[in-house]
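Chain lettering (A, B, C and D) follows the sequence in which the chains are written, and residue indices restart at 1 in each chain.
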Amino acid sequence: MQKLWSIIRSSIFHAIIMYVSMIIAIYLVFIYAPTEKMQGIVQKIFYFHVSSAITMFFAFFVVCVASIMYLWKDSDWWDAVALSAAEIGVVFCTLVLITGPIWARPIWGTWWSWDPTLTLTLVLWLIYVAYLMLRIEVYDPKRARFAAILGIVGFVDVPLIRWSVEKWRTLHPKPVLIQEGGTTGLPFAMWQTFVVCLVAFLLLFFYLLRERVSVAQSRHALEGLRHEIDEILAG
Amino acid sequence: MRSTRSLQGKMGEPMEKNFWYLFAAYSTIWTALCVYMIRLSQKNKELQAELRDLQAQIARVLTK
Amino acid sequence: MSTDMMVHLEGVIKRFGTMTALRGIDLKLQRGCCLGIFGPNGAGKTTLLKILATLTRPSAGTVHIAGYDVVKEAEKVRPLLGVLSHRTFLYGRLTAWENLQFYGRMFGIKQLAERITEVLQIVDLLAHAHQLVRTYSRGMQQRLAIARAILHYPTLLLLDEPYTGLDKHAVSRLQELVLHLRSVPCTIIMSTHDLHGGLDLYDEIAIQCRGKIVYSGPSLGSDVQGFEQLYSAYVG
Amino acid sequence: MYRDSNSFIALMSGSKVFLQQVLALLAKDLKTERRTREIFTSMFVFAVLVLVVFNFAIGADPELIRQVASGVVWIALLFATVLGLQRVGQLESEEDSLQGVLLALRDRSALFIAKMIAQMLYLLVVVICILPLCGIWFRINFIACLGELCLAFALGILGLSIVGTLFSMIALHTRACEVMLPVLFLPVSIPLTIAAVYATAQLIDGKSLSDISDYLVFMGVFDVVFFVLTLIVFDYIVED
């Protein structure tokens, strides 16, 4: 029983599940899901684009929770989680920002449309890049604390940005778009595909998070060892 | 009204062109994830090197 | 916890990320004592004083000042403390008087003007009271910092390397002041890496090295050589 | 919460000390500023420069300028906030006087409140100085909607001061403070800026208060959220 548990917890098992679900997701996207009549084949970008967007929001949510826990418990593990989730969140954020225009170009006829969600993503990208800038230097608990505060503030800012951006968009002429968002009125097969994609992306996120946290932790431990050795050598 | 016109214009284009967008989107996702994972493994490698370095230092201290 | 113990530290550990600055400090100090903490640079003296000053929290262990916990009851500890470091905490764009007035208001001192005059007299700066602090010499600024530190009648004085950048006049003034404060029941903790300055000031001495108190005991009086031997035996 | 009268008295005396400390900090900041006028001057000159440069960037079309005027004014204020907070940070860190202040504080949020009020006052003076200039250069009649504008500007300036003070305290403790402050401050304050710009623009267009009420409510919500958030986390910022 314990052995089974340790297998389930192991990194390689996680990787295999992630890999398999990703393959299934790709199969569903390209073979199973029907081609949308209006947008044609580009609509298939939707599955990975929206999955990355949701994963990104989830990552930033993890940053916020881990930051609160770090301030509360003052444990390095939570800090490592926050930093790792922020980094991975920025990666997914970048994906959203790249695939968004690629989707928009054939459908809306323009690369960039200041669509509310895309604009929100852009602002979030700026905030969390600032977060990573705070963390560029070697580990310093003061900076970790500041970053934790930014992690909380950034996530609290999300609904505020969302509201303001939506409000701001209604003041401008809308770009040519066929179907807002794309999730409304999806056929069942498309829904299935989308859910599987989302699950695959979340598994990918957790896998990356796990690896990144272990890197952060071993770096931390190594730094501690190095200090100790320096002291032994000096003393 | 502009929207429907431009839609028809787009839909009139050959299918392969849109296919390129799909290809671009999925390949960038793949590339970005790949780059990130390579960076992660590089970091891991750096850490391994540092660990070996430290082990060597400890060995040196012990032999002294 | 008996309250005649002014300072009581138990198992204080402070980590900065992967660095450990303090590794288990135990220290007791009677009310009215004057303790000198000696140690090389990087021994963690400043960190220790910062913990006592409620400016930073210990990672582990407990610290009590006059029976108050410095983490949980910091707001009760702070008015008891007078802190003097090698930075003066003064505003260069204000006059000496205005600086003291500001700190006096922060502490809610009654009859502030009389008190400011008094402390300025003690540090010999009354004549320059209305001069901008940025025009002061380093020694004058440090003297004003002394006035700032004792302004609110502190009962525990924390001096972190107070001799840094001081002229002769200021050093002797500071030492006189420490003697004067000892007659008032005022507890003093001074950290320094200078072994020669006024050893006879202290009642107790401690030697700190690499985050630990390696020696503590009663003062050796003005026996500089004996102390130097002791110091090099522990610090190496 | 405060069951016995003793703790109530303690609370009352605590709030009295709090007020005293806020006032002392504020008096100190304003006294320094009155002597040097450093912060105001740099903020004001910078804001005017932004106005002028944008004027050239937009071109000579008076209608176009009128349309973007409120955006330009708020960008000027945004950058002026960053500049002012950088100066304030320098003043506090020169002789580590922040530590001295922290040693004297009973409740550390007094420092936040005092800095926020000071920043608000500086911004207020800058606004009062640049609005007439703006009115003349961009040919906008601000007087027609002065009361409504006051409300919009008050809410906007309050928000900028709160967020700005929060991040200036963070930037103060990090190296490369000059770079970090705008990088942290600008993206987080985007929603506030959007609401403030459009509220101002619609007021200039002759809309009434009820037309822009959702912007005002939004700015109020933003201010309250960030104020509460900053009060909660402030202890973690100033701790060494």
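Everything that follows uses one rule, which is that a residue touches a chain if its C-beta (ideal position, glycine included) is under 8 Å from a C-beta of that chain, and two chains touch if they have at least 3 such contacts.
Just so it is clear, the structure is predicted and the values come from calculations on it, not from any experiment.
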Remotest chain, chain A as reference, centres from CA atoms: C
Any idea which chain sits dead centre by C-alpha averages? D
So, in whole Å, the Cα centroid of chain C is separated from that of chain D by 37
Between chain D and chain A, distance of the C-alpha-averaged centres to the nearest whole Å: 32
Distance in whole angstrom between the CA centres of chain B and chain D is 40
Approximately how many whole Å separate the CA-defined centres of chain B and chain C? 54
Multi-partner residues in chain D (2 or more other chains touched) are 239-240
Two or more other chains touching the same residue: where does that happen in chain A? 226
What are the touching chain pairs in this one? A-B, A-C, A-D, C-D
Sort out for me which residues of chain C touch chain D in the complex. 50, 53-57, 75, 78-79, 81, 83, 85, 87-94, 98, 102-103, 105-108, 148, 152
Okay, in this complex, where on chain C does chain A touch? 15-20, 59, 210, 236
Which chain D residues qualify as touching chain A in the complex? 166, 170, 173-175, 180, 183-184, 186-188, 190-192, 194-195, 198, 214-215, 218, 221-222, 225-226, 229, 233, 236-237, 239-240
Contacts from chain A onto chain B in the complex sit at residues 38, 40-42, 44-45, 48-49, 52, 88, 91, 94-95, 98-99, 102-103, 105-107, 109, 176-178, 204, 208, 211-212, 215, 218-219, 222, 225-226, 229, 232-233
Using the touch definition from the top, list the residues of chain B that touch chain A in their complex. 2-3, 6-7, 9-11, 15, 17-19, 21-22, 24-26, 28-29, 32-33, 36-37, 40, 43-44, 47, 50-51, 54, 57-58, 61
